[in-house]
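Below, each structure is written out as C-alpha cells.
Here chain A shows up in two complexes: once beside chain B, once beside chain C.
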Partner chain A sequence: MGNSRNEMKKYLRLFNISFQQEFAYRLNFILWRARNVMQILIFFFLWDAIFSGGATQIFGYDKAKIFTYAFALIIVRAIVMSSRSADVAGQIANGELSNLLLKPINYFSYWLTRDLSSKFLNILFSIFETVVLVLILKPNVFIQTNPVYLISFTLALIIAMFIYFTTIMMTSFVPFWVPEIVWGAQFLVIVIVVEFLSGAFLPLDIFPPTVYQILRFTPFPYLIFIPIKIYLGNFDYSMVIQSLIIGTAWCWVLWRIVNYIWKKGLLVYEGVGR
Partner chain B sequence: MLYTTAMDKAIIVDRLVKSFEVSQKEPGLTGAIKSLFSSKKKTVRALREISFTIQPGELVGFIGPNGAGKTTTLKTLSGLLYPTSGFIEVLEHNPWERKPEFLKQIALVMGQKNQLWWDLPAIETFELNRAIYEIPTKNYNDNLKELVDLLEIGKLINTPVRKLSLGQRMRMELTAALLHKPKVLFLDEPTIGLDIIGQQKMRDFIYDYNRKYNATILLTSHNMDDLSNLARRVIVIDAGQLLFDGAFEELIAKFAKEKIIKATLGREDNIKGLESIGKIRKLSFPEVIISVPREATAVAAAELLQNFPVEDLTIEEVPIEDIIRKVFRGELKK
Partner chain C sequence: MRELEGNMKQLLYYTKIWSMMAKNAFLNWSTNRNVLLVFLFGKLIRYAFSFGFLYFLVRGTNGFLGYSQNQVLFFTITFVLLDTVAQFFFRNVYSFRPMVISGDFDLVLVKPLNALFRILLGGPDPIDLITIPPIIFVAIWIGALLHPTFFQVLSYIILLLNGFLIAAAFHIFVLGFGIITLEVDHMIMVYRDLTSMARFPVDIYKQPLRWILTFAIPIGIMFTVPAKAFEGYIGPLAIIFSVVFGIVLLFFSLKFWNFALKKYTSASS
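Showing the complex of A and B:
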C-alpha cells in the first residue's frame, strides 16, 4: 500500500527532524533532565530519613519498594511526561499554528510524533541516569519478573502517555480564547494538579483511603502512580484489569473533549501576528 | 464555446464576511485583572461582504491600507479562518475543510512567517515538506533544483536557518512553500524587508512562476513596484469593503478626480493669481504644476493661457503612484 507507506514516511521524517531539534537546545534539555534527577534525589533522601527511624514498613511500603518507586519514577516520568506539545499554547497565541494548519498532516498525529521523539531521547537519558544513581546510592531495587505485570505495565504506560498528551493539549487550547494565558493554565494544571495527584511526589496510597478511592476515578493517578503500582506487583490481577479499564475509559473521554475543544477553538482562531 | 474547461474559476468569493470578537482591556494591572472577570467584547468587522472571482492563471494585486482586511482575506481563502458568513471556494474546495487534496494545491507565504526549522539547515525543512506533501522523489529533485537555481540559494541550504540573512531566509521560505508546486499561491507582502536587488529577484521569480505553471497568484503588497510590474489586475479594499476591481490602468479613470496642468511661465508676475486656477502642487519658476478638478480642466487651461504669460502647457493624468498612495492611506472613497 503506497498510501500508508507515504503516511509512515511523513511521521518518520517528522520524528527525525524533531529529534535533531531537541539536540539544538542542549542546555534546555540538560536543565530539564537535571530537574528530574533532583526530584528523585529529594524523594530518595526523604524516604531514607524516614526509614532510618527503625521502621521496616510504612504505608505498606518497605524500603526496597519505596526506592523502586523512586527509580521507577525517573523512567516513568521520562516516558509519560516528556513532551514537545508544551509548545502548542505558544503557537496558538502567536499565530504559528497557521504553518501547521496549512499542511496536509493531521494535527494531533503531528504532536504525538514530536512527543514520541522527545520521549525517545528522554528515555535514553533516564536509563543512563538510573544506572548511575543506582550505582551511587546502592539501594535495594525490586525487579519485576512476572510477565503479566510487565505486559500490564506496558499497557498502563501507553494509557498514561495518552492521558498526559490530551491533558496538555486541553490546557494548551486556552489561548484560542484568552491569548494572554499561555503559561498560566499549563502551570496550574501540570505542576499543581497533575504532578501532585499523579503520584510524582509521593505514592498516592499514603493518603486516607477515601481520598485515594476518589482519586482512583480521576485520570491523574493513571499517569504515574498506577503504572508504577502495577510494575511493583502491588495490585492483584482483578485490580490491574480494573485499572486498565478505567484508564482506557479516561483516554476515550479526554480524547473526545480535546477534539471538541479543538474544533471550537479553530472557529475563533485569528492567526494573529502572522 | 462548445465545451468549458474543467474549472473556469480558481477562486470564488461571494459576500464574504469575517468578524472578530476582541476583548477590550483597560490599561495597567487593574485593567488586566478586571478583564479576567468581566471582559467587554467588541466585534470588529474585518470583512464586510466582499465578492470577487479569479480565473486560473491570473496574477492579481490585492491592495489597501493597513487593517483593510487583505491578510484576513488570504487567511480565509487558505482555510485558516472560519468565515462568519458568505461563500468561498478555492479550486472547487471549501478551504475551511482543509482537505489534504486542497492543501496540496495551495501555498500561503507571509512576509513575517517562518515555517523553517530555526536551528536546522533549510534542507531539513524541505525534506520534511517532501514527506508531508508526499512529493515523488523525481518531482522533488527537479523542483528543488529549479527553485535553488532561480533563487540562487544553492550554497545556503545546508546552513542553519538562524545564520541566514532576512533576504536569504525569505527565499528559503518561498522554496519551502513551493516545493509541492501549488496551483494557487497567496503571497502576503512577498518583498517586505528585502533590498532593491532582492525585491527585483523576488518579482522576477513570481512573474516566471505565474507564467510557467499558469499558477493563480493573489498578492498583497505595499511596494509600488511589485504592483506595477506584476499585477495586471488589482483589487482594492478598505475597511473590509471592496472599492475597486479591475485593470491596473482603470484605477486612474475611476479614482483620479483631478488632472494635472503643467505650465512654463514667461515672466514672474501675478503668481498669486495662479491660486484661482486650481491647487498649486509645485511652483519653481518658470515651472508651475496645478491640479484641477477633472471636469474643469478645459476651462482652467483656457483661463491660464488667457491671463498668464504661458510659454508651454501640458495636461496630464495624475500619476498612478499617487492613486496607489491614496489607497494605502485609506483616502479613496467609493
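Showing the complex of A and C:
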C-alpha cells in the first residue's frame, strides 16, 4: 500500500515539474495556442462561407453541428494532441535516453505523466479560447444532453489519447535504427497523415462512402473525428459501440507493437553522443 | 550607359554567387539522402491530401461564395505555388537565429557581399525545387479549365511576382526582428500560419478580419488577388494598386532591415 503511494507521489511530482516546465517557454506555448486558434478560424469561416449559399444540410451536417465540430476541434485537439512525448525521438538520437533508463521510473509512465501535464494546461487554455471565440463569433452551437453520448464521448477521448500516445512513440523509435531521421518519421505520420486523416483538417465524411468506410478501419479517425461524431450524436447506438470496440482494439494492437519495437530498439541502442 | 553596364555586372555577380550557394545547399542535402527522401515524400503526401480533401469538398458543395469548383481549386493552387516558391528561395531565413546568437553573422558582414542577400537567399531548399514543377503543371491544368484571356494571364503573372515581393518583404521584416529580439523561428511560424489563412479566398472571412488580411497583413494581395485577376474579377486599377502596395512594402522592409542592422551587437563573437 505504502509502496504504491510512493509510486503515485513520484508521478505526481513529475506531473508538477513538467507543468512548471511548460511555463519556461511561454512565448512558445502562446504561439502554439495561437496557431491552433488560427486553424479553427479557417475551419469556421470556410464552413460559414459554404453555408452562406442557403443550404441547410451539407455532408449530413447542419450549420449548428458543423460549427460545433469547429469548436469541439479546439478542445478535442487539446485533449488528444497535446503531448511532450514528441521529444522521445530527439532523446534517442542524441543519447539522452541513457539518463532516463538509469532512473527508477517506468519509461512509458514517465512520458504518459508528462503528456497528461501538457494536456491539462492545454485544456485550460482551449476552454478559455472556445469561450472567447463563441462570444465573438456568436455561432449556433449544438449542446449534447444525452448521457449515453456524453459517456461514450468521454470513453472515445480516452481511446484517442492512448492511440495518439502509441502513434507518437512508434514514430519516435525510428532513430534507434536511423538516428539521422530524428523528426522525419514524426513529420510524415503526425504532422501529415494524422493531421489529415484524423478529421482535424476537415470532417472525413466529405469523402465518398467507400473511402470513408476504409478509413474507419484505420486508427486515425479515432483521434478526432469519431469522438466529435459521437458527441454530435451523428451515430446511432450500435455504431457508437462498434466505434468504441474498434478503437479499443487499435489501442491493444498499437500497444503491443510499441512494446515490441521498444524491446528491439533497446537491443540496438548504443547511446551515441553520451 | 556606363551605369547600366555596372548594374548588369552586379546582377551577373550576384547570380553567380546565388548559383554557388544553391549548389552548396544541394550538396549539403545530398549527404543526407534518407532525410531528403522522407521530407520529399512527406511534402508530396501533404499536397495530395490537401488537394484530395479540397476536391471532395468543392465537389460536394459545388463551390462556394459564387466561385465554381475549379475557381476554388485555382485559389488553392495559387497559394501552394507562391508559398512553395517563397520557401524555396527564403529557406535560409530559418537558420538565421543561431547566426545572430553565436555572433557568426559577423562573418557574413565582413564579406564583400550584401549581407541581406546572403541571409535571405543563401540556402535554397532542393525539396521545394523538386515539387515546384508538378505544382506549376497542376496550376496550368486547372487554369486552362477557366479559359482566361491573355490580359488575365498577364495580370496573374505580374501579381504573382508582386506576391513574391511581398513574401520577400515579410521575410526581411522577420530577419530585422531577429536581429533586434533574437526571435526568428516563432515569427516565421506565425507568418506561415497567417499565410495559410489565404489557402481559400480571403472573401470567406468576415469584416474586419477580411480587411486586416487584405491590407494590414496583406496575404489577400499576395494570394487571393492574383487568382482573382486570373478569374477576371480584378480590373487594371486594382492591379496597379496591388503592385504599388507590394513595392512600398518591400521598400519599408529594406528600411527596417537597415535600421535593425544598426542594432546588431555582435554578442558572443
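By definition in this document, the second predicted complex is superposed on the first by the 274 of 274 C-alpha atoms of A that agree within 3 Å, B and C clash if a C-alpha of one lies under 4 Å from a C-alpha of the other, contacts with A are read in each partner's own complex, and residues count from 1 in each chain.
Definition applied: contacts are C-beta pairs under 8 Å (C-beta built on N, C-alpha and C of every residue); 3 or more make two chains touch, one makes a residue touch a chain.
No experiment lies behind these values; they were computed from the predicted model shown.
**Q** Specify the partner with more touching residues on chain A, choosing between chain B and chain C.
**A** C
**Q** Which partner chains sit in contact with A:49 here, chain B, chain C, both or neither? Use first/second/both/neither.
**A** After superposing on A, A:49 lies in contact with chain C but is clear of chain B.
**Q** Given the touch rule stated above, what does A:94 touch, chain B (first), chain C (second), both, or neither?
**A** neither
**Q** Where does A:105 make contact in the superposed view: on chain B (first), on chain C (second), on both, or on neither?
**A** A:105 sits against chain B, while chain C stays out of touch.
**Q** For A:193, using the defined touch cut-off, is the partner it touches chain B, chain C, both, or neither? Pick first, second, both or neither.
**A** Only chain C; A:193 stays clear of chain B.
**Q** Who does A:24 touch here: chain B (first), chain C (second), both, or neither?
**A** A:24 contacts chain B only, not chain C.
**Q** On the A-aligned overlay, A:248 touches which partner chain: chain B = first, chain C = second, or both, or neither?
**A** In the superposed model, A:248 contacts neither chain B nor chain C.
**Q** Touch check for A:201: first (chain B), second (chain C), both, or neither?
**A** After superposition on chain A, A:201 lies in contact with chain C alone.
**Q** Mind working out whether A:58 is in touch with chain B, chain C, both or neither, as first, second, both or neither?
**A** second
**Q** Could you give the residue numbers on chain A that contact chain B in one complex and chain C in the other?
**A** Comparing the two interfaces on chain A, one with chain B and one with chain C, the shared residues are 180.
**Q** Which residues of chain B touch chain A in the complex?
**A** Residues 20-21, 32, 75, 78-82, 98, 100, 103-104, 106-108, 110, 112-115, 117, 119-120, 124-125, 127-134 of chain B touch chain A in their complex.
**Q** Sort out for me which residues of chain A touch chain C in the complex.
**A** Residue positions touching the partner: 27-28, 31, 34-35, 38-39, 41-42, 45-46, 48-50, 52-53, 55, 58-59, 178, 180-181, 184-185, 187-188, 191-193, 196-197, 201-202, 206-208.
**Q** Provide the residue numbers of chain A that touch chain B in the complex, in ascending order.
**A** Touch residues, chain A against chain B: 6, 9-10, 12-14, 17, 20-21, 24-25, 96, 98-99, 101-105, 180, 266-271, 273-274.
**Q** How about chain C: which of its residues touch chain A in the complex?
**A** Interface residues on chain C, with respect to chain A: 32, 34-35, 38-39, 41-42, 45-46, 49-50, 53, 56-57, 60-61, 64-65, 183, 186, 189-190, 193-194, 196-197, 199-200, 203-206, 209.
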